[in-house]
Amino acid sequence: MRKLVGVLLGFLVLVWASDPWAADTIKIGVVGPRTGPAAATGKAFEEGIALALDHINASGGVLGKQVEVVFEDTGGVPEKAASGFEKLVTRDQVPIVVGESHSSSALAEIEVANRYKVPFIICEAWHDDITKKNYKWVFRAGPANSGVVDFYIAPFVKDMGFKKVAIVRENSDWGVGIAERTEYNLTKMNIPFVTLKVEREAKDFYTELTKLKAENPEIILAYIYGTGLHFFLAQAHEVGLAPKALVLDGAGPPSLWESFWKNVGDAGELELFISSMHQDVHLTPTSRKFWDDYKKKFGKDPSDYKTRSIYNVLLIAADAINRAKSTNNEAIVDALEKTELEVTTGVVKFGLNPGSYEYHQWMPPMLVVQWQNKKQVVVYPKEAATGVLVRAK
Amino acid sequence: MSEFLMFLTNGLVMGGINAISALGVSLVVGIMRVINFAHGEMYIFGGYLSYQLAVGAGIPPVLSMLCSVAAVFLGGLAIEKWLIRPTYGDEMYSLIITFILSIILQNAALLIFGPYPVKPPSLVFGATNIFGLFHYGNQRLLSLALAAGIIGAIMYLVRRTWFGKSVRAISQDREMAAMLGVDHLKVNMISFGLGCALAASAGAIIAPIFPVTPSGSGAVSLTAFVVVVLGGMGSLKGCIAGGVILGVLENLGAAYISTDYRHIFGFIILIGVLVLRPWGLFGKRI
Amino acid sequence: MKRAGLAGVFLIAILVPFFLNQYWLHVAIISLFYVMMASSWNLIAGYTGQVSFAHAAFAGVGAYTSGMLALYGGVHPALGIIAGTLLAGVLGLGLGGLCIRMGGIYLSLTTLGFSEILRIIITNEEQWTRGTMGLQIPGVFSVYSKTHYYFLFLAVTLAFLVLMRRLLNSDTGLAFRAVLNDELAASTSGIDTVRVRLMAFTSSSAMAGLAGGLYGHYLMLITPDIPSLGQMFLVLAMAVIGGMGSFAGPIIGAIALEFLSEYIRIYGEYHLLLFGLVALVIARFAPSGMVGLWEKIWRRR
Amino acid sequence: MLEVRDVDVFRGEAQVLWKVSMEVMRGEIVTVLGANGAGKTTLFETILGLHHPEGGKIQFLGQDITREPTYRIVRMGMACVPEGRRIFPEMTVQENLEMGAYAPAARRAMRESMDWVMDLFPVLRERKHQVAGTMSGGQQQMLAIGRALMSRPSMLLVDELSLGLAPVVTNEIYSAIRKLNSQGMTVLLIEQNAARTLRNSHRGYVLETGRIVLQGPSTDLLHNDHVKKAYLGG
């Protein structure tokens, strides 16, 4: 029993002694998956963070101090995400948190942000509810399902004249949300469709694909994140469904990962994906700078556009703190609401009318890209197109 | 009809893979009464190593598969010697140690190989039109053939060789086998290595079809265990039957009942077996 | 002496919230959850020698039962937690009845299977559980306060430990140990080993359900991560590192590992690997854990 | 040939053998007599290296085998038939016999050994392909002895040879053992059934509560009052 008392006392002393000292840097919290099935996003984020810190600190930091990032791993798991977010707030005492790429994690995190009244800028979690809940502390400088579907996917399907659509969605918040929005749009446009549900992290889709083949769709909207998409695509070719039916990756990054071509082989040809980034499409000077800086630092072209997304939100956060002239939460939110900052994808301006998902939301322009002879060709929207859609013979 | 045949073929392919993976578990359970919870990790390592050797080191795919299986075999020998042997006679500790080992290897795989699923080069490409009924990936057909070949080899090994005889003798009466001059420590070690190598070969064969990820190891282990219980602990015949039954049921169940519950059919079978026939289809009655 | 020690522990425990900031208070609450989990797992593994892999799953049963009752039925969490505890106990009884006679490998595999079934059901019944996305559930208190939660967890944990201690010191507890030490001897001396194991398994499962229910309402978010094997590993590692089969072992192990995991958080990805290695070394070379090692050193001096 | 000297053996906390010493010479049939629980089986297992003694020494063919693992001792030329026969029930008769020739040296001569054993126990030839577990007790005992002989041992250890067998069968087996002995095989019998065993052996030891209490030529033991009272029911 004495030893138990000893151990407990020891812990208390240790814990007490380890409280954070006065900081001479400004800490910004980042949440995102560094482990788990989407750990690739973590790597993309790390690159983006490095570039953003170089950029911010080289131009004088924030409030005269250097900026430091504390990157908390969520593992892609909502529970870990919520507790990670809480740690950033209670332990590291960051004035603002940015990041996230999983809707499910983000939906858990915004509750914590709201509870602790900490500004939170999301970059790559698309679920409408994230901003639709209209939390004062929550912002999104990235796509929302409704925006992506309403402005890009649905018009693309309509303009290209597809007659029969298949929706394949994973069981995640993002998958469910974006599929529902797509169904809503397709119904409105009178385009027939079927929806299939698949497991997140599934690897064998033969059963689903065989069922799908009977439906004879012209395009498959694949809302599957991660390498599951690769297997889906490769198997769609094996059963003879694709490329007769074109496959559109509704998320984007998986079609750009290094492993993509290894995993899909020839099946990658003619695949379509959503992206906010293309080598030849530079909407702002910052975009060009980002591209050059990336090549200089990492010796290759950026592939995962999430690198750029996190870069953007870090810039937004730094800018807001600078304009708020303090790390006070209310002041930062005020500043964020007045944001007018040029980032790589355009000029950020958050929506201010409560009531819909557009509150505290800024939607960057997106592209529909097709792999043609292993080259990325922007096929939609027309004003950004670098080529035309190719269909299988 | 053609759809049904396609689902059935799918079931057979997965059944073959299930069977070789489960044979590895069964061999070890039969002679050592040890369940290796790190079985799935061996499968994953098999897939990853063959990928690393083929893509990273540029070794021809077939050779890289063989090398990866050999490497996992050696790893299995070391695990048996250092970790499993001290637990002989204490079932609880062998369960705990292999479970801990599985977590370690899973996280080690994550660090060494990264989180990305990898896909070693396919040995064959394209698909075959089966009797004009449905298209089927050639790599999958090859996997079925490879699995059948390995099962045949294992059956030969167990039925016809001295090693196999000693394995069967030990699983029936370990002490008596020793009293006939069988070095049961050595046989145990080799069997454990072989069990790991079987898992690795399943992983290496399947990886070009379903790329492997460190996080996928748990499901692999569980499937193998379900097959072993279904077939009867330590029964090799049971493994093959159980593997195929599970593969076919899962695929037909997924096709005609619910895709989401694909993996639950196995566990329902497991519970059913435990209630009705705990010694499995081909096991010894206990 | 012993009484003074207990009083000391109690005093420290009461004072904790006044020393710690929000963050460390959070860690303290989580460690209390793990104390309950590891101790109750120890009841079945450490005292009767059966390795259950469904312990985290039973915590999940508790968390989901209570959470969903609160969310869809408007049931007060206090009642919900009781319901969750009971359900976990009933499921434990059923599962135990199924496989405890065969014990050993069969028990481990069946519990592993159960935990997988539960995970699949939770993942797929999205319309109710929201699958992997996690379910937001109300807290126990109308106003969120970590100090409140801390005292709630502390009270339950203490009650829990006192109850367990009394159980172990009773005839039943003796029977537990008799079963562990020599099953044959136990059964010839008139102890119904199956019944004893089943009792241990059922009560340990119910305790996990209780801990899980509290945990869910504290986090206010329940996900399939609660009944996951990763969680199971943490509980097992805590018991093994602290010392299985001893009363203090899992308590010390749980507190030590939870706090340690916060210290080595910078090595994020490595922490499960590190715990795994430590647990492996301990299981291999010092099967009685930290408590056993300590006693050995103490005795030598 | 086999020498056991001052051996102390524990099982768990309890001491089972106390300073046991005994010896078997080349060409002898030696009996160790003892009641249930006297430590006979422990002695058998200790000689075979299944338990290692805490004190004392065991020598076989002039070599110290006290700490050797079982399989090495067996490969030196000691074969055994344990209590309860312990044939492999799911293997055929032939496979059981083959297992007897497991040691590398024995494998080479397996075919001849098989013929030799089947000549000794013709019933085994008839039932070559039968699954061993389905045979009668006597046949299983013959199989167990035959299996032991497959390694062409220089010494045979038999624990409770006659347990549960019909007298006719027992006689048949004893005559086989005497035949083997006349061909030069050394035999150590560990037995409860005193009269028959002593009549079929040269020398004997009496083991009581873990200690050797009597020893001498079998004929002497047969007429010893203590033996008569305790083991011969007279």
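Letters A, B, C and D name the chains as they come in the text, with residue numbers starting at 1 for each one.
The definition used in the following text is that a contact is a pair of C-beta atoms (placed from the backbone, for glycine too) under 8 Å apart; a residue touches a chain by one contact, two chains touch by 3 or more.
Not measured: the values here are computed from a predicted model.
Peer 1: When you average C-alpha coordinates per chain, which one falls nearest the overall C-alpha average? Tell me, please.
Peer 2: Central by C-alpha mean position: chain B.
Peer 1: Would you mind pulling out the distance in Å between where the CA atoms of chain C average out and where those of chain D do?
Peer 2: Distance between chain centres, rounded to whole Å: 53 Å.
Peer 1: How many angstrom between the C-alpha centroids of chain C and chain A?
Peer 2: 36
Peer 1: For chain B and chain C, what's the span in angstrom between their mean Cα positions?
Peer 2: About 32 Å separates the centre of chain B from that of chain C.
Peer 1: Measuring from the mean C-alpha position of chain B to the mean C-alpha position of chain D, what distance in angstrom results?
Peer 2: 42
Peer 1: Chain C: which residues touch two or more other chains?
Peer 2: 123-124, 269
Peer 1: Quick check on chain D: which residues sit in contact with 2+ other chains?
Peer 2: Touching at least two other chains: none.
Peer 1: At least two other chains touched by the same residue of chain A: list those residues.
Peer 2: Residues 35, 171, 199 of chain A each touch two or more of the other chains.
Peer 1: What's the complete list of touching chain pairs for this entry?
Peer 2: A-B, A-C, B-C, B-D
Peer 1: Hey, which residues of chain B end up touching chain D in the complex?
Peer 2: 162, 165-166, 168-169, 172-173, 175-185
Peer 1: Which residues of chain B touch chain A in the complex?
Peer 2: Against chain A, the touching part of chain B is residues 3, 6-7, 10, 14, 55, 110, 114-119, 122, 125, 127, 134-137, 140, 210-211, 213, 215-216, 251, 254-255, 259-260, 262.
Peer 1: What does chain C use to touch chain B in their complex?
Peer 2: Within the complex, chain C touches chain B at residues 45, 49-51, 53, 98-99, 102, 104-106, 108-110, 112-114, 116-117, 120-121, 123-124, 229-230, 233, 236-237, 240, 269-270, 272-273, 275-277, 279-280, 283-284, 287.
Peer 1: List the residues on chain B that touch chain C in their complex, please.
Peer 2: 29, 33, 35, 82-83, 86, 91-93, 95-97, 99-101, 103-104, 107-108, 110-111, 218, 222, 225-226, 229, 233, 260-261, 263-264, 267-268, 270-271, 274-275, 278, 286
Peer 1: What residues on chain A touch chain C, complex-wise?
Peer 2: Touch residues, chain A against chain C: 1-5, 7-9, 11-12, 14-16, 18-19, 34-35, 73, 77-80, 82-83, 86-87, 90-91, 103-104, 107-108, 111, 115, 171-173, 176, 199-200.
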